[in-house]
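So that you can tell them apart, the chains are marked A, B, C, D, E and F in the order they are listed, and the count of residues begins at 1 in each.
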Amino acid sequence: MKYHLAGVEITYTGEQLRSNFAYKQFGVIGDSIVAFCGPCDVGMEWMVDIEDLRAGKAIYSESMLHFIVEHHDTDLEKNVLRQIVLADLVKDALNEHIGKTVVRRSHTDIYDGEFKLSVSVATVTPVSSLIHFGINISSSNTPVPTRGLGDYNVKPVDFAERIMQKYCREIEDAYRTRCKVKWVR
Amino acid sequence: MKYHLAGVEITYTGEQLRSNFAYKQFGVIGDSIVAFCGPCDVGMEWMVDIEDLRAGKAIYSESMLHFIVEHHDTDLEKNVLRQIVLADLVKDALNEHIGKTVVRRSHTDIYDGEFKLSVSVATVTPVSSLIHFGINISSSNTPVPTRGLGDYNVKPVDFAERIMQKYCREIEDAYRTRCKVKWVR
Amino acid sequence: MKYHLAGVEITYTGEQLRSNFAYKQFGVIGDSIVAFCGPCDVGMEWMVDIEDLRAGKAIYSESMLHFIVEHHDTDLEKNVLRQIVLADLVKDALNEHIGKTVVRRSHTDIYDGEFKLSVSVATVTPVSSLIHFGINISSSNTPVPTRGLGDYNVKPVDFAERIMQKYCREIEDAYRTRCKVKWVR
Amino acid sequence: MKYHLAGVEITYTGEQLRSNFAYKQFGVIGDSIVAFCGPCDVGMEWMVDIEDLRAGKAIYSESMLHFIVEHHDTDLEKNVLRQIVLADLVKDALNEHIGKTVVRRSHTDIYDGEFKLSVSVATVTPVSSLIHFGINISSSNTPVPTRGLGDYNVKPVDFAERIMQKYCREIEDAYRTRCKVKWVR
Amino acid sequence: MKYHLAGVEITYTGEQLRSNFAYKQFGVIGDSIVAFCGPCDVGMEWMVDIEDLRAGKAIYSESMLHFIVEHHDTDLEKNVLRQIVLADLVKDALNEHIGKTVVRRSHTDIYDGEFKLSVSVATVTPVSSLIHFGINISSSNTPVPTRGLGDYNVKPVDFAERIMQKYCREIEDAYRTRCKVKWVR
Amino acid sequence: MKYHLAGVEITYTGEQLRSNFAYKQFGVIGDSIVAFCGPCDVGMEWMVDIEDLRAGKAIYSESMLHFIVEHHDTDLEKNVLRQIVLADLVKDALNEHIGKTVVRRSHTDIYDGEFKLSVSVATVTPVSSLIHFGINISSSNTPVPTRGLGDYNVKPVDFAERIMQKYCREIEDAYRTRCKVKWVR
């Protein structure tokens, strides 16, 4: 499990949610979590969540911290579980930074009261499974009421680094955990 | 996904971590989470975590709230992810009850500072995957320094009910989530 | 397992055999069987069975009862077994209605003597597996000699309802069956 | 897919439902269906269906035709689908022999009115999946009201041969079917 | 496992690496290895190995012996193991023909000293897994220093036949091998 | 993928072919190949290959170099492919040491003419897959005509080290290979 933080801004348009994105873009081979900052602007043809598509909901943010996770297996159920774990790591890290519990997780998204902090989707390709998890940096001009990292004085780059380390650690621990148990009857 | 709360005390000895335990014991067929209160006393021959076995660590508690989760697939990696999600639900529910963040999750266990609140293991049988997650009710006479539900004035039965509802909800949401996405290239 | 009967006619062109069709078209999330009446007119570019493609066989019927089944796993072998089970349910329900054994199943299709009653195909997408099973309502103007529901005075809508209930029941029973057995050595 | 008819009587005690039974007993390697005639007498410790175990139901018949099917994969859901297909082939072959529809299938068992003709279970081992399907030859002295092949003047050996051929044919057709389709979006 | 040797020259452009190629092109249904002779000229849009794509490496040979292998499962890890086995069979058959060890395998390609003899890639489709393994017949005008079958006086057609037989035999032996072992604790 | 060479002699009795052997014996967690020297003496109750069991063939050698490989997945077909790859690495390394091609591989075993050098078996547990591959050090007193490492002046410890490095490298390359390809249609 590798991680990589992009040095430049990238607009997330949905096209990044493609197999081997981390390898093609950053030269990172294998299971990975990569992060970059930039706007979020996903057109209808790139939407992955059919519920959003049916609702005609725009996905837009002036500035977000984006994570793209890729695992080289194709079990979507497993990948949604990873998406929950990632959302939880983000929530806990935010609360820890803020010093009290203001952010809660509701399934695969995180909220501060009624304010939404994230957009997130998990899916598969024929060779891998992918997660996009985006957290607002700015909360201005979003289609729904939001909060962003800026509202909590969280520095995106440091935060990205911390989250990626935690996620890699969690996945590596999970591997270790499953390799040291006996099966039962 | 069904849940069931046992009306009587059961000592968790490790023998309960068997395929179809919920069906054999409570008549619950299919994926399930069941809970019961009782001591925890796992002998060497019933230990599932080989690390504990190698360390010769006793697993003992006078009184615990026990959860047994069974899913009818045999992917241990997926099951460890579920174990993390369950540990996280327990941690968040506890902090919510207490009203501030005193409990943290470290991989598949939960702690209050140096005090351990839980024992937990995930494994598989040839027909299903199983999780045991036990939370101390009493923190007296445990082999390592612990805290228990009693130390936070949490009522085990209500707490069990809430956790089981949350877990079932999370798993059902995960099913819904994976059935409403498009695959990508 | 959900089922849904469309209130309007839809021409089956092959484009309906797409992942999440039931959700996109009818708002039905999760494993499902949906039914609609309408012509069948599948162009070469939408044909799924390569044997038909190689033979250049047109798939055409003036009026058919169509079932689209989707399960959110991607095991084609399993899906062909489900296709056989569905074909069998249809055959038995028809014979039961007619009151004697006139329809027989040959692998995944059903016949009355030399007359073909059905077209059927099972395949996968990267997120799910799909079955199309179409039964002639009218037997006029088909490329091969056929029989249709009309020839047996079977009302398509009632028949669709019955088949969908039977299929859901069978799949739910299969889940129950596999959750109540012990594994063996 | 191979089939084999045993030349001698064997009492089915449940011990036969073991991985590689066909190889160990008859030298048949690979996926197979084997048949033998003999009593059925399954003790509590060999029962596989926990529902029967919980009910304390004896499984006994003076004389049965037994099929043991083994496939070298471990997907229990798939195996229950095969069990349904096998039950259906038996039902149709019986009705065809009798010349009218007297036998019906209810999930994985077959009946003539209230009379039960079969016992059946599908399960897995860590290397394969197994089906036992037994049809009464004699209907005397069974714990529940039954019918047997003798009541319909069906010769067990010929019938076994026909069923095994049909099952092998169905599985081979299913392989062919899944190897000649295009995937869809 | 079937094999087929094409009677005519075909230029390998990358378009041949498609699901059901052997069925569509040669009428061969099921798991197969097929062979043909012809140039190799793979344009950027048909390249499967992203490392080559990133390096902008042309894949070109005037004359090659091509193998296309298809197995109807979608496990890429398993398919890379098959690719290694195939590369090994080719290497050993060449050395055997030459009468001494001049060809060595480095992961999925084969070499004579610094000279490359092969191009090879393994991938998946949503219904199957595919291998392309090409061995130079001529070593003239290749983008990197190469050797070809011609340099060792190996007749492509006979060699193709021998390799395909060996590969089919190996896969059939592997099936037999896995069907005659006991599982262990 | 880790490797470990035991510092002491261990008699291979078949009991070593157990899940998590490397962890329990040597503290090595995760996918691994471990090696040790010692006699081979497998009693009937520990035999894994049913063909040997049926033939009543003793498995005995005074002194062997043993490899135990464990991967934490349970696909026996994949594991037999790994067994072939390992046998091939051993054969090539031996021929390379000897300086000419005297050893050949026949499926999962290696031979020098009529003399057998190896015993080998691949199987699964409910949590992992295992390979035992043993090469004679001494060729004295074996039940069939054999050759051993001693006959070729190969030092077991150095050879073990080389093979384990090569196997780890191959598996790591295979992971890299599958993470850098595009899927195809």
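Definition applied: contacts are C-beta pairs under 8 Å (C-beta built on N, C-alpha and C of every residue); 3 or more make two chains touch, one makes a residue touch a chain.
All values reported here derive from a predicted model rather than from experimental measurement.
Q: Quickly list, by label, the chains bordering both chain B and chain F.
A: A, D
Q: With contacts counted as defined, which of the two, A-E or E-F, has more C-beta pairs across the interface?
A: So, comparing the two chain pairs, more contacts are at E-F.
Q: Suppose chain centres are the mean of their C-alpha atoms. Which chain sits farthest from chain F?
A: Looking at centroid distances, C is the chain farthest away.
Q: Rounded to a whole Å, what is the gap between the Cα centroids of chain B and chain C?
A: The computed centroid separation for chain B versus chain C comes out at 42 Å.
Q: Could you put a whole-Å number on the gap between the CA centroids of chain A and chain C?
A: Their C-alpha centroids are separated by 39 Å.
Q: Which positions in chain A are in touch with at least two other chains?
A: 19-20, 23, 50, 72, 74, 76, 123-127, 175, 178, 180-183
Q: Line, ring, star, complete or other: which describes how these chains touch one another?
A: Drawn as a graph, the chains match no named shape, so other.
Q: Go ahead and list every pair of chains that touch.
A: Contact pairs between chains: A-B, A-C, A-E, A-F, B-C, B-D, B-F, C-D, C-E, D-E, D-F, E-F.
Q: Can you list the residues on chain B that touch chain F in the complex?
A: Going by the criterion above, the answer is residues 50, 54, 74, 76, 123-126.
Q: Looking at the complex, which residues from chain F come into contact with chain B?
A: That would be residues 20, 23-24, 27, 72, 74, 126-127 of chain F.
Q: Chain D touches which residues of chain C in the complex?
A: 17-19, 47-51, 75-85, 88, 92, 95-96, 100-101, 104-105, 107-108, 121-126, 130, 170, 173-175, 177-178, 180-185
Q: Taking the complex as given, what residues does chain D use to touch chain E?
A: 19-20, 23, 29-31, 72, 125-127, 175-176, 178-183
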